[in-house]
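Paired with subunit B in one complex and with subunit C in the other, subunit A is shared by the two complexes that follow.
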Partner chain A sequence: MSESSVPLPFRVIAALGLVVLLLPVVIVVLSGLNAGEYLTFPPQGLSLRWVRAFLTSPTFMPAYGFSFTLAFGATLISTVLGTMASVFLTRSTSRWTGTLRGIFMLPIVLPGLVLGLALYVFYATTDLGLSRSLTGLLIGHVLVTCPFVIATVSAALVGFDLSLEEAARSLGATALGAFLRITLPIIAPAISAGSIFAFIISFGQFDVNLFLSIPNLQPLPLAMYASLRYAFEPTAAAAGIFAIALVALSTIATSRLVSFKRMFGA
Partner chain B sequence: MTESIKPPSYSRRQALKLGTGAAVSLPLFNINHAWSADVTYDGGTFDAGGATLNVAEWGGFWQDLVRKLMLDDFEKQFNCKVAYDSAFPWFPKFVANPKDKPPFAVVNWNYPEMFKTAKAGDFFMPLDEVMANVPNSKNVWPFATANKVGITWAYARYCYAYRTDMAAPPPTKFADFWDARYAGKRGTYITSNTLQMDFFLAACKVFGKDQYDLDAGYDAMKRASPLKISDFTGNMQALLERGEVAIAVQDDGEAYLQAKKGIKVAALVWDEVKPILTQTMTVSRYTDPVQKKLSLAFLNRTLDAGFLNKFTEAFNYAPVTKDAVIPATLAEFGIKNTADAVSGFTIPDWNSYLEHEDDIVETVNQIFGSH
Partner chain C sequence: MRDGASVEPGEDVAMTAIGTPGLAPSMPLRLAAPGPRLWWLVLPMIVLFVAFFLVPVASLFAISLDHPAAGVVRLHGDFDTANFVRIFTREIYTSSILRSISIAAVVSVACLVLGYPLAFVIAKTEHAGRNTLLMILVLASMQLDTVIRLYGLMVLMGDNGLINSTLRSWGVIREPLPLMYNAFGVVVGLVQVTLPFMVLSLIGIIQAVHPSYEEAARSLGATRWAAFRHVALPLSMPGILAGTLLVFSLSVSSYVVPALMGGWKVQVLPIHVFQQISEMGKWQFGAAIATVLFVISAATVALYRFAAMRGAGGRA
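Take a look at the complex of A and B:
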């Protein structure tokens, strides 16, 4: 469909939607470049002082690195588990599939605070050594990110033509080989989209962090909250600039990676 | 009594391994007694053998400063690791954990949540026991322990921060906040902020019979509306700086800090009622002996004049020990560390507030939202 064939009202609505989506990003960027003492908008002049403050901060840089590592780990696990779960959910004929799908999606439905608190209580009372541990925090992040992978990969698998896999099997491929060489490249864009969602959700996660965060290692959202609570400096917005940049870069990098895969596949 | 508390070294599974419940119940009771009372600390350093001390305090710049001024040295001197957790709130974490495994050994609080937690269970070491084992606590002003739960180590007075170039003449008394010259230019906080809680209770007392006269407080909030509502004091500073509010509830340290920066802001410290914004520490009752001893050492170090002088200077808080020095920024505005200067501070009946908190929050939010 050419652009001119899209009705004008739709284009106007789409443009408005784009503005609404981009406006917070613009405000964060400009606030982070504020020359004034406080996190205000419009900025009182432009300056890199808060960007420098972020880059030299003993709080923000470790928090940024920790959030990145945590999100990366959670994304890897969620992508593998979520893809496996999606394959099962879309191909299983069990009558429990619907119930299982509901359970898998529960973390999206539950308010994050409730999930965080529930996990905290579970860790604290079961004495499994997960309370205030990196493993416990990672499990929390996997729980909240996995449904996003499942949702996107399942959508791709629902319309998947199984005869392609069957053809590979008939030519001697094993079940795993057929999946890896036929199915996986086809659903790679969906896996990529799901993993991007997972990364973004994990990197910006606040609710689960609030209850499961570990001593001496503060994730970025909590560091930003603490900064706003006690100083209200634009350093938090400067951290936001780097968070936005990271998400944008990871999106671009992942989409490039998927394109390469397609290229190699072709 | 501590009869229901088990020592942390005996989990249920371990207890079953040891034999029947009857066989272990007597030793457990004795150990409980020992753990609840027998840890002593004399103010010196000791080797904690690499133990971890779980501390809950505020994050951000606060954490950086505590780390720099105290934690690194503390860890070296006591051969321990301080696990610093700044993910507030602490209350649900105390309640969610088994009583014999408190999430934190030392916690820094503002009053409301501390009282709420104290009310929910006997999580904290009794104050007289703490004071008996924290030598530096002998040196604090009486108001620092008047709350009977923890030891306050730093404080700020509540005040109005007002713009000196807007709506003259300047305020001279608590009730001036309601004067017509500030209409539409008043600022306070969301109902979960301690400053708003104290402001509300102060209004109850000034305009009503006492702090329990909630109707007087509601009426005062109505008369002050419309109000600019902030989440944090930092945001209120920004509103003051931009002139979006001409008068706002604030703590005096932050008001003086703004004035010092050349912003046209001054403070009117409340004198009709004298609530204070406090930093108060508690020591958890049911931690293992090493962690408890470290907790007492940590609190003792917090009350040390060397730490207090540097910390309060950075945050513009006033220290609570008689030998501490008032930060230069506060001294410049006439704040003194004398018996007269700290007399008459009031601690609202927080237990009563917490009992009525749901009603207060709902009603005040309705008032704030209706303008």
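Take a look at the complex of A and C:
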């Protein structure tokens, strides 16, 4: 069956589905580029005033920067730890690998609100000094991003031909040398894809942030949430444009690194 | 992996990393031998998860069984079931459980109706560039910050939003349509947020159904609709089940969507968790509601895994 034979009602509903997915995004972009205070239909005209307002905003610009830094830190840690763990999970013969893998995937299914609350209570009742700290928030972000790195990297390692590494070893390479020079370059696209996923998950994280927020340092989703409860600031929409650009670019980058067909297809 | 292969010092990745000398070129081929030292690779992750995931989540559940004490966070070990009795006997909480579950159920069905045709079109799009473009659109909309997408929806659906103000200026309505700050708004918000997960759950399984099955049905005289209804649809059932349960689990545990689209007027479980803790300092009771939320979500995920496993080992 080719695409031309997709029945018409299906095409109509599919188009409606795409509208549901994309219309809010389009509206954010229009609100951020709108000339007036409120978005009207038809729009009043384009202007960069809100983009300029965002770039000089004392709330949204630092929030964007903080989210970016936080996501960068969380990604760095979870990429290194996640790749190491993936090597173990795909190469160890231990009977614990299944259990460990299951545990490492749990943050995907545990409601973020529950994880944030659990960490908040844990930090507040232990004397680790993590309460309302950057480290405490970072740990939460590493926990929710690790599963994405592990899933992507171990998928690539499962398909990896170990005899390549063995050939290098037989020619005198050390285990680490063989891994770094042979395996790593081959699985590098998957590691990059996993870390891009991790970055975006951390950048857009809301539920975990809610209970772990730090005084005077607000990540972008919380800053937007706070402003949305009172008014629709076009400055927030302008901040949204920059976040949308980031996600769009990284998804396009991921699509060049790994095959979506292999990840989600049959 | 070779079990029982002897492990020389410095033979595995982690040890080599701290600078022990490598293999001599003449070493026999006992390569990538894992041995216990492979565990060093996963140790940091295990420590992280035990200390900052398993212990905190387990203590949260323990606190939910602690006797209520306003303003006290610390576990005081006075265990009883008072919190849970209160949840299941007070009308405000039982109705919230029902509301959470019914909203999530409606969202799941709506996502299936919207998502199946979209997944079907993507699965049948053979043009590589167009296929990638559609996948990028779905994936990007999944990964975009929820609050940003809700901003767009709120500008669209608010009392003075695009829909209402346009309809008013055209003279179609006088009073704004109640599109937001009610259960309807929450459902629309959740559908927007969870639809990509439904689509991604379905694409693989729709692709796996070989077109020849449908062609066979057609050649035997079935109408296109009948071939779909009796052949393609039943074969994609495992994906439908998995996607529906995934969407249900995400919807039931979302805080930010009911908070913004419901304007705190639609009382679902995550809203209660936040209110009890942030506004009333009732830690034990808040932890108990969080536990109920977790149990509902975990039960759905358990069903999801069961459905996914049957799907993986099933027909087609």
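By our rule, the second predicted complex is superposed on the first by the 212 of 266 C-alpha atoms of A that agree within 3 Å, B and C clash if a C-alpha of one lies under 4 Å from a C-alpha of the other, contacts with A are read in each partner's own complex, and residues count from 1 in each chain.
Note that in this section a contact is a pair of C-beta atoms (placed from the backbone, for glycine too) under 8 Å apart; a residue touches a chain by one contact, two chains touch by 3 or more.
Predicted, not measured: the structure shown is a model, and the values here were computed from it.
K.L.:
When the two structures are overlaid on chain A, which partner does A:Ser47 contact: first (subunit B), second (subunit C), both, or neither?
P.N.:
neither
K.L.:
Per the contact definition in the header, classify A:Val247: touching subunit B only (first), subunit C only (second), both, or neither.
P.N.:
So A:Val247 only meets subunit C here.
K.L.:
I'd like to know which partner A:Phe203 touches here: subunit B for first, subunit C for second, both or neither.
P.N.:
second
K.L.:
Looking at A:Gln218 after the superposition, I want to know if it touches subunit B, subunit C, both of them or none. Which is it: first, second, both, neither?
P.N.:
first
K.L.:
In the superposed arrangement, does A:Ser133 touch subunit B (first), subunit C (second), both or neither?
P.N.:
A:Ser133: touches no partner chain.
K.L.:
Can A:Phe88 be said to touch subunit B (first), subunit C (second), both, or neither?
P.N.:
So A:Phe88 only meets subunit C here.
K.L.:
Who contacts more of subunit A, subunit B or subunit C?
P.N.:
Subunit A has more residues touched by C than by the other partner.
K.L.:
May I ask you to decide whether A:Thr69 touches subunit B, subunit C, both, or neither, giving the answer as first, second, both or neither?
P.N.:
Once the two structures are laid over each other on A, A:Thr69 reaches no partner at all.
K.L.:
Using the touch definition from the top, say if A:Ile13 reaches subunit B (first), subunit C (second), both or neither.
P.N.:
second
K.L.:
Please identify the positions on subunit A that touch both subunit B and subunit C, taking each partner from its own complex.
P.N.:
Touching subunit B in the first complex and subunit C in the second, residues 38-40, 117, 121, 124-125, 210-211, 225, 228-229, 232 of subunit A appear in both lists.
K.L.:
Subunit B touches which residues of subunit A in the complex?
P.N.:
Against subunit B, the touching part of subunit A is residues 37-40, 58-59, 117, 120-121, 124-125, 127, 131-132, 209-211, 213-216, 218, 222-223, 225-233.
K.L.:
Across the complex, what residues on subunit B touch subunit A?
P.N.:
11, 54-55, 58-64, 83-87, 92-93, 96-98, 101, 103, 231-235, 237-238, 241-242, 261
K.L.:
Quick check on the complex: what are the subunit A residues that touch subunit C?
P.N.:
Those residues of subunit A that touch subunit C are 1-3, 5-7, 9-14, 16-18, 20-28, 31, 38-41, 81-82, 84-85, 87-89, 91-94, 100, 103-104, 106-107, 109-115, 117-119, 121-122, 124-125, 139-140, 142-143, 146, 162, 165-166, 169-177, 179, 197, 200-201, 203-204, 206-207, 210-211, 220-221, 224-225, 228-229, 232, 236-237, 240, 243-244, 247-248, 250-252, 254-255, 260-261, 264-266.
K.L.:
In the complex of these two chains, what residues of subunit C are touching subunit A?
P.N.:
Checking each residue of subunit C against subunit A gives 1, 3, 10-13, 16-17, 21-25, 29, 31-32, 34, 38-39, 41-42, 44-46, 48-49, 52-57, 59-60, 63, 73-75, 113-115, 117-118, 120-121, 123-127, 131-132, 135-141, 143-156, 158, 160, 162, 165-166, 191-192, 195-196, 199-200, 203-205, 207-208, 211, 214-215, 224-225, 228, 249, 253-256, 259-260, 270, 273-274, 277, 283, 286-287, 290, 293-294, 297-298, 301.
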